[in-house]
Each structure stands twice: as structure tokens, then as C-alpha cells.
Amino acid sequence: MNRKIKVAVVGASGYSGMELLRYLLVHPHVELVAVTSRTLAGKALTSEFPRFRRSGGADSLAFTAPDAGSLKEAGTEIAFLALPHGVSVEYAQPLLDLGIKVIDLSADFRLRDAAVYKEYYQHEHAAPNLLSEAVYALPEVRADAIKQARLIACPGCYPTSILLPLIPLLRAGLIAADPIAVSSMSGASGGGKTTTVPWLFCEVNESARSYSVPIHRHLSEISQELAIAAGRSVSLSFVPHLIPVHCGICTTIFATPVKGASLEQIEAAYQEAYAAKPFVRLLGKNQCPDTKHVVRTNFIDIGWALDPRAGRLILMSAEDNIGKGAAGQAVQNMNLVCGFDETAGLLAV
Amino acid sequence: MNRKIKVAVVGASGYSGMELLRYLLVHPHVELVAVTSRTLAGKALTSEFPRFRRSGGADSLAFTAPDAGSLKEAGTEIAFLALPHGVSVEYAQPLLDLGIKVIDLSADFRLRDAAVYKEYYQHEHAAPNLLSEAVYALPEVRADAIKQARLIACPGCYPTSILLPLIPLLRAGLIAADPIAVSSMSGASGGGKTTTVPWLFCEVNESARSYSVPIHRHLSEISQELAIAAGRSVSLSFVPHLIPVHCGICTTIFATPVKGASLEQIEAAYQEAYAAKPFVRLLGKNQCPDTKHVVRTNFIDIGWALDPRAGRLILMSAEDNIGKGAAGQAVQNMNLVCGFDETAGLLAV
Amino acid sequence: MNRKIKVAVVGASGYSGMELLRYLLVHPHVELVAVTSRTLAGKALTSEFPRFRRSGGADSLAFTAPDAGSLKEAGTEIAFLALPHGVSVEYAQPLLDLGIKVIDLSADFRLRDAAVYKEYYQHEHAAPNLLSEAVYALPEVRADAIKQARLIACPGCYPTSILLPLIPLLRAGLIAADPIAVSSMSGASGGGKTTTVPWLFCEVNESARSYSVPIHRHLSEISQELAIAAGRSVSLSFVPHLIPVHCGICTTIFATPVKGASLEQIEAAYQEAYAAKPFVRLLGKNQCPDTKHVVRTNFIDIGWALDPRAGRLILMSAEDNIGKGAAGQAVQNMNLVCGFDETAGLLAV
Amino acid sequence: MNRKIKVAVVGASGYSGMELLRYLLVHPHVELVAVTSRTLAGKALTSEFPRFRRSGGADSLAFTAPDAGSLKEAGTEIAFLALPHGVSVEYAQPLLDLGIKVIDLSADFRLRDAAVYKEYYQHEHAAPNLLSEAVYALPEVRADAIKQARLIACPGCYPTSILLPLIPLLRAGLIAADPIAVSSMSGASGGGKTTTVPWLFCEVNESARSYSVPIHRHLSEISQELAIAAGRSVSLSFVPHLIPVHCGICTTIFATPVKGASLEQIEAAYQEAYAAKPFVRLLGKNQCPDTKHVVRTNFIDIGWALDPRAGRLILMSAEDNIGKGAAGQAVQNMNLVCGFDETAGLLAV
């Protein structure tokens, strides 16, 4: 498969956008035809991202204004939207109307139900008609639908780290749907290039803090997908924390095994779900993942342990919030959509 | 109260020992008469701790060999033991026999039951007779006993961050004893000066990882103290994580409120327990503590939130693992033992 | 000396301001009567600085608008100005007119010559008449003048780390006035709470970069003071670097010893200048200072080495940019102005 | 060119070794046939480097004992030596005797003169006969010799960052050979997996410190190569610093332009030397490099500035100490030796 597909990145100025470019610039089947940014239009790509100079043709790219017609004229076949929540929704329909497939990294198309969207995001969804078409694109769970889709909603960073460990066990009926408690830690790139005091070096460095307690917006998509896996609603508490690393999510989940569930059954459920999946690495029982082994990759590492005294099952995962949790997964989805090898452009570590 | 008490620090070469010296060197009621270290005996204190030069008389101190008789001759009235677990136990009895009160920072005297000690620490306790005398010294919970004690067992760093948020609610019957799930993050000073690969800068930096899953030794003392508070055994899961900060523990607890328990009752329980306690700062509901506000202090900050969808109560605390979690609390206990103001020497931030 | 002096901090919302408050809140001879901030007026001090809750009376303080009359009414005897460059100058004259002594942490009163100010700061000085009165307040160099002054210009952070190693050797004629090359590294608190992309955690973390090359504004005051010490103009190159630490400056200076200058003479010059100075710690030859031993203190550590092959003398210093380089030195100057012990409130490490 | 060459890495357990594997595992023209480690022999490669699981065939590799005969049997054509200084020398001759080309990352073959080696490394060189054959392999300076060589001595990390900015200007006679002063900062991976206290997270974090003052061993190779470029001996002072980043070197050089040398001439010299070199990125005058744009790449970024007041030329470079400063440059040299495209396997950022 040596064909190159023409790709555009809309809204490429943030950290996920940069990571997306990092993958796409050297992807064997991608020709990057446009990189847009409202604020940076006209500037050279490498003036914003000096890291990319002399690499993968970056020197010849300049930011353009985001405009569906221009992207079409440039030959765009697939457009990645690396835009803030609430902005992606403006771009999807015009692009789809021009026959351009859309891979969205924002939260705009992740929920099936516009009412849930409104509850968590506090405003009406701007294109509710697209919600039924969009595919919540966890490649390990929904590859067939992804391959057929023209509107791809990439899962959030926290949700990916939570859903992949939980779904096989809920599907297999090995854990109870209530209670599930999740504690996650994320690096500061999760906050994007937000220029406010809490994101300054001096505020994040030597600091660990929870936030968005008790309700983080990502709960909406996590609950949606866990309910599908469990076949019933799931009762989940989730507390995210900010820690002083550039990227990486470390997630620890406390679940309750159903009576009689054994470690063997748990391992078997994981093996069945993920042994053939190239980006899920099963560490085994009592093995703790470490974000430093997954950052800048599309891998997610999963470990688990049974605490017999408390009767609790502990699930642990590590991924890169802007990798498997965003840009890497988006490229993985592109590979599926385009019929490329699922791992194309994603195996450098 | 201007009397100065003669104090020795036994085993002062680690990070908790250094923090202890930092407090004691400028404590208004302390005269530091001896600082011991088997490996550093004969060396100037400031050769190991250049930070202390020209400060609080540190320049005139040298490490000596740890020997109960010599400490007695130096006039020691109180000896802090900042020794590894399993080593403190050798020093306590000889010191007590000479009339020297002992404030131990290790785990050696924290458990009431020698059998539980053996289960968690995998060897027989070397001085089981002392376990009934030792006081598990959480000053906010057991001040009266501390004032009378001659053998003080300072709580562990994680336990302090977990017990202080939970005890008032368990005592008041506002939360269930099962399930309780705890996720904690700690800075690398918690590992001491362990010279193995996992503690190197390049292994801790840009890394987040859980460890000691599913059973961390601190579970033993946490379970012991929670059971006392609840009047029944408590089912607790606990997962510690290492994050790239020098010091600080951020703890997040998932508990289940009993039917009808309200946020008002929770706040009232906290106010009753801690309003008059100088080192517990109650942040209020939906307020998240940040380790950067407590590191290098003896404060613990506590926040809480009710997650009505999942029916879960989230408790959050932040402290310094080598401050309120070790050296600071040890000095606070000394203040109680000696009848000093509880905050003496502990209010610089 | 148990009298307490009434002190105000004008512009207390930044990192130097916070460090100043950290010292002043527990200073034995200070009563903090006012803390001002245009943007935070009306808010509790601890709402901006949660670290200070329950400490040194911080809970009873609220930010007020900066107004000379109100400060006078509050009884202010000494006002610290922790304001941006170009803003301090507006406050000095009104405060002086009311008999309030001013200790300024900005660059506004550091230069003797308004023309040099204009050259480096690109605008006319707003109160040139005050320049001749202000004292460039390096306490180790100019204590007598400081004691008499009513307008104190605290040296910049980089200048302090450069001047203290160089002045004794230039005075003693042991090094040439040309060439002198200086490379400094500073923590991110040096940038203040600047909410622009380059100061975000993700931009500073895992980054080392020079900036303000070839001419940094601090060159003006460094050149002024070195010329005074040398009795002739001095040819200095200076390159500052930003590194991922909260605070701390590490300075390395390359100088040329005059023919025949020996290490003994160099050490003697340092001993003569600093042996009796409480905050200068002379490490000795071939000894390298480490910022971690001086951060959060008012100490500066100085080492030196002779490179015989290249015929170069290497001078090295470490200080805290917001400590000895700003807030600590300001308090040290206050101690001199008020006749307190020079070390009062500054010896906790 | 689709042939794959059979490659072995001898001594692959350290940080440079890991970086080498990171490049080689996905290099399009490399088949990794052996990975050796005396201490890890028999263990799976991914047990030491969990990051590599599921990537580039790493799962099928195990460490073997380093033995020239076995490497030959495995078909090794090129052996990288990522061994400590003084150990590489034992392996080179036996490998060369078997017809295996050697690319050494240690300092063992960098010096032309065994007497200089002894002076700086304090022991006799163990294979002085190989010194005249080995090529000091800066690809931008000595590509033709590298292509013919069978024993490649890769330059040190600091030297690479210092030589590349200086050589074109010395060759062009634009700067004086005396004085040159160099201040460099390096990340902690430069220290390797040294398990001693100074390399622990808690000692490196929030610390900046110079070391090896006044004479660092790298001065020997720097002086050797600068003298070749200048056609005379060069007087250089060099101070390295350790800063809390994983990897990256930031170097700042103070040189003296010869009378009449202009910025235009300096830029022209750089353009002539490096415009066609794929891994040297010239930033232009007054542009400061940032290590975060080069870490994990084989690029070196170079900027420069003229300080007219002090009559000094400031040269600045940034590279990855284990990339362009070690493993990346080693792979670049392999590409030259094998006749591959110089950038093969090195352009992912």
C-alpha cells in the first residue's frame, strides 16, 4: 500500500495538534496538504514549531485560514480537527458536505445524546443531527464501525485510559457496575496552551492537585461507553489530578469483582480482548504501568491486581494523554478509515 | 516558656532526618546536643547538609556514633529516631532505660499487635513488649496520650494523609466502613536516599507510576486506626503512586456516605474535630488541596465533595510527606510531650 | 530589640512579593499593616496565597488599593515596593514625602545615571531627581550608606550573583577588567506571573534556553557597580538562561587573573570581604555551589577555581533569585535601615 | 537501497544504549542481530526496556554476553560499543580482527595522542596502536574519512555542542584562538545509570550546579579538534553544569571576533559549512536555541550574537546529549560508513 492520502490538520497550534503533526509529517501514507490556524494564518509552520525544521517537509508548510472550500481545493481527503470543544462542531458539516472525512479530536461528537451534552457542557449542541452518525472511535472496541465512518469522534484522554481497562471486564460480567472509583493523573499538556496563572511553570512544578471535583465533563462519555459495555448503567466516580509532567496519564481504578471472579478469568478476558491489538500491552497481575514507558507513543499499558482483604480489584493503565489519548489514536483511526495497516506511522518509540 | 530541652537526632542522614534538623536547628525551645549516623560519624553536619551552614548553630555540630550511653552523657532528654524500619527497635529500650523519651519516625512501634506486624513486615517484632506502651501519635486524635507518653510512634506519611480526613467521618457514623478506596501520590523523598536505579532522576522525572499493589505495608496501621475510629473493622483499598516532585502527598479517598448523610453534617464533623487544631486547614466543599501550599510545612489541607450521581463522597488531602507526614509531626509531638505550645517552631511557611 | 516596626508591602501579588510576605509574616520585629494590590484589592491575602493560611497572622490581612495616604494612616514606617519596573517610580516620592522609608525591589532606582536608564529601559526616567539619593543596596558592600538611606534600591537577582563574586577581586586588583564573561541560569520565578506561552509549564519543563542575547537590561547596573569597584570601566558579556526550576540562580564567571595573582591572594580577598558577612558562604577553591542549598534562604554560596591551562579564573555562585536576589536581600536591607540584627528573620533554612 | 545490514549493540543497558536501540529498532536498513550486556545476559530486552515492547521486533531480542566470536557468528557487520570509558578498548581489536566495523560511543578512541589520554584519564591507553587508525567522527567535519573508516570514535556530547559552532569560525579566521570560554548545561542522562546519591531525583530536581571545575575530561578532545581547525593551539575554558532535565545540552560560548570580523562574515562561514548538512540548523543572529526543540532528535541548533559593547561574540547551541551528542550521531556515522542516506532512520522528531 504505497498510496499517499491528502490530509489537512485544522487547528494545529496546540499540544495535541503538534503531536498530530509529529506523527503525520513522517507517516508513510500521508501527504500533509494544509495546516490551518486562525491566529497563525500566513506564518510558517516551523515558526510556531521550531522542532519540526528540516523534518518531513515541514519547512515548506505555512498555516492557512481554516476554510472548507480551500481545504477541498487543496485536495484534502481527510481533515483532522484539533480544535477546542465547541469549535469543531462548526467545521464538521461543511467538510462532510464536500466529501471530506472528518476525524475530530474534540468532545463535540462523542456523546450520542444531545441532552447529555447540554447537561455536561452547559449549552445546546450546535449540530445534534450529526451525533447519530459520528462514531465514538475506540479502535480496540469499534474497529468495524470506524472503517465505515465519515465522522470520527476520537475519545478523550482520560476516557481512553479508563475505558480500555474496564470494558472487557464489564462485558464479561466479571466486575460489578457499582461502585467503580477512578483516580487519574495527567500531565500539563492536557490543559493545552492555556495562558492563565494555574498553568504557569511555577504553579504546576512541585505541585499535585485534584480538580474538577466532583464532576468532570469526561464522565459523560465514560458513562455512555461503560453502559454500552455493561448493558446497564454504571456508577462511576472519577477524580482527575494534575501532576508536573509534560504528558502522560496514569489511571488507577477500584472495582468490585463479582462473586467467584478469579484472576485467571480476568486475565482471560483481557487476552481475548487485546492479545491481537497492537497498541494494548497487557502487563499481567500485580504489574504497575509507568507513564514514562508510553509517552510519545500510541501504546496503553494495563496491569491489574486483586486485593483479597478488601475484596477489590485494582486496574491500572498508563498512556500518553496527547498520544493514545489524542493524536496517536486519531492517526490509528485514520489508518483504519483508509485501510492502511493499523500501526502505520505509529511504531517509533 | 523559655527553657530549652536537650534533644538528639539518631540517624539523621536521610531526607526525613534532614527535615527534622531543619525544624530543630531553629526551634525556640530546643538545644540540639547530638546528631548521630553510623556511616557519617566524625564528619561535620554541614559536610552532609551544606544547606545548614551558618544557620542555627549547625556549623558546630558533628555526627557521632549512635550510642545510648553517649547520648545520655550529652544530656539528651528526648531522642528522635529517624532510622529505617527494623532499626529503631534496637535503640528504643536502651534509651528508655536511661530515662530518655523516644520519638520514633519509623514503623517499628506503630502497630498494637505483633502478629499484624509480622504479617506486614515479614519478620518477628524485636521488642513486642514495647508495643502496648507506644502511642500511635496523631496529635489531632490522641493528644492526651501523647502528653503522657515516653515512647512516641509517629504515624506514616500516607497514613496521616488518609486518617485525618477519614477519622471524624467514621467516628460520626457518616460514612460506611466498606468500601473505602484510596489513591495517593507521593514525592520521591518518600523513598529516602535509596541508591537504586528506580530512584534516579532519569527514572522518576517525567514518570507517574503506582507501586506496592495490592498491599502496601502502611495498610496495617491505617486499618488499625480506622477500626478504632469506626468501632469495627474497615475495608480499605490503597494504591500509592510515585510522581516527580521532591515532597508532598496528595491523597484522594472514595467513600460511601450513609443514607441521609448531608454535606452539612460532614462539614460539622470536620469543624468539631479540627476547628481548634492549628495544623489542619479545612478548605470546604468542592475545594481541592494542592501540595505546593503545604510542602515544607506541618499543615494538612482537607477538602471534600459529594458526587450525587455515583453516591460517593470524595475526600482530598495534601500534606508534606516529610513534614506533617514525618518530621513536622514528630516536632509537633515533641511540643506536646514537653508542654510547649503545639505550634512552637512550626509556623514558618 | 523587641520593638516591632510597621511595614507595608506594595504590589504583593507576584513571586517576589509572596517571598517577601513569607519572610515578613514571621519576622520578629515586623508588624505587617498593609498589603496592597490594584487587582486584588478587597480580597483576603490567603485567597491569593493559600500557603499562608493559619500562619503569622495572614488570615486577618486583606489586600488594599495602593495609596500613600492610606498607608500613612495605617502607620506604615517602611514600605516595600514589589512592583514591576516602571511602576515603582510612581510610588516612591509620595511615600517619601509622608516620611515613609522605601525599599524598592524593582530596577527603577538602581542606576545613578538617567541617560543609562533610558538607554537600557527605552524610556525617560520618571523621577531622575531621586536617582542621586537612592542607594544601590548590596548590604555586603554598602552597609553604612544603607543604614542612612530613606530610598533603598535593591539589586537585581542576576546582578547580586555576579557582583558579590567579582567586586572583592576587582577592588583588590586581582583580575583584569576585560574580558569578563558571565553565564547565569535562573529558575522560572524570575519571570514573575507572566501569563504568556513561553512561561507555561509545558514550555519551561524539559527545556534549557538562553535569552536576551546579547544585551540584558541587568548589564546596566552590573557595569555601574563593577566600574565603581574596579575604578575603571569593565568589559562584561552576560548571557542568562532559563532552566526548569522554581527558583535559584547559578552563575559562572570567566575572568582573567592579573599576572602573578595566586589562589591564596584570591582566597584572602574573599575572606577579607566576606568572612564577617553572615549571608555569604565561601566554599573554597574547586568547590561548586548548588542552588538547592540556597533556595528559600538569603545565602549566597561562592566557589572559585583557577584553570592554569587556559589562564582563566572561574568564579561560581548560587543564590535564590527571589531570596538573596530579591525578597531576602530586601529584608536584610530593612534590618540594616532599622538597626535590627542583620540576620533577623532570615536564618530559617 | 533496501539492503539491511546486520548490527550489534555491545553494552546496551545505559541511557545512550537505550537511545541507540530506539533508533536502530526502527531503522529501515538495520537488522539488529545482537544486544549484549554482561549483567543482563539471558534477560529479554524488553524486561530492561519496557518501553520497547511491541515495537520494532524488540520482543524477540534477549541480551547475550559480549563475545566477539558470538557476534561474528550472528553475522554482525557493524558493532556499536555503548560501553563505559576504558571498557570499549577491550572489545575493539577482537571485533576488528574478525572484520566487524566498530562504532564506539566511549572516549577510548577519540584522542590522537596516548600521552594526552593518560594526562586526562589517568592511566595508560590499552591499545595505543588503534589511536592513529580511529576517526574522530564529526560527520559535518570529516565525512570522507568516516566513510572509509573501520574504527569510528564518536565525539562526546559536550564536545559536539562546542565544536560545531566553533570550527567554521576558527577555520575562517574570524575569531581569536584565545580566549574562548564555554558554559554548558546538560541533562541528567549524561551521568548514565550511576546509582549514587548525587544522581537521585531528590538531588538533581530543583538544583543547578557546575561540576568538574576547572578541568573536565572532554577538554582534551575539544582542544585537539579546535587546534586542527585553527591551525594552532586554542585556549579554552569549559564549565559544565547539571540541570534537572532528562536530556539536552545547552551550550553558550564567549569568543572574541578578530578585528573587522562582521556578522555577515560569520553567517557566511556558517552557511558555507552547514547549509548542506541535514542535522545542523542555523537559527540566525540573536536567535537563542532551546533544548526542547532538539531533544530526542539528531539535530543541533546554532545561534549567534555580537555584543558590541564588550567586543564579544556569543555562540549558542542546543542538542540532545544522548542524540546528536551520542546515539544519533553514532547512527549518522553508521549511515555514512554503510553508504546509506545520511538521514536514514533519523528524521522522526
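By letter and in written order, the chains are A, B, C and D; residue numbering begins at 1 in each of them.
The rule we apply is simple: a residue touches a chain if its C-beta (ideal position, glycine included) is under 8 Å from a C-beta of that chain, and two chains touch if they have at least 3 such contacts.
Predicted model, so just to flag it, every value in this text is computed and none were measured.
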- Item | Minimum number of chain-to-chain contact steps, chain A to chain C | 1
- Reference chain D; chain at largest CA-centroid distance: B
- Query: So what's the Cα centroid distance for chain A and chain B, whole Å?
  - Reply: 39
- Message: I'd like the Å distance between the centres of chain B and chain D, where a centre is the mean of that chain's Cα atoms.
- Response: 46
- Whole-Å gap separating chain A and chain D, where each centre is the average of the chain's CA atoms: 36
- Item | Multi-partner residues of chain A (at least 2 other chains) | 203, 206, 244-246, 290, 292
- Interface with chain A, chain D side, in the complex: residues 22, 25-26, 50-56, 206, 278-279, 281, 290, 292-294, 296-297, 299, 301, 347-349
- Note on the structure: chain C partner, complex, touching residues on chain D are 178-179, 181, 183, 185, 203, 206-211, 213-215, 219, 235-237, 239, 241, 243-246, 248, 250, 252, 254, 256, 286, 288-292, 295, 303, 305-312, 314, 316, 318
- Flag every residue of chain A that touches chain C in the complex, lowest number first. 15, 188-189, 193-197, 199-206, 244-246
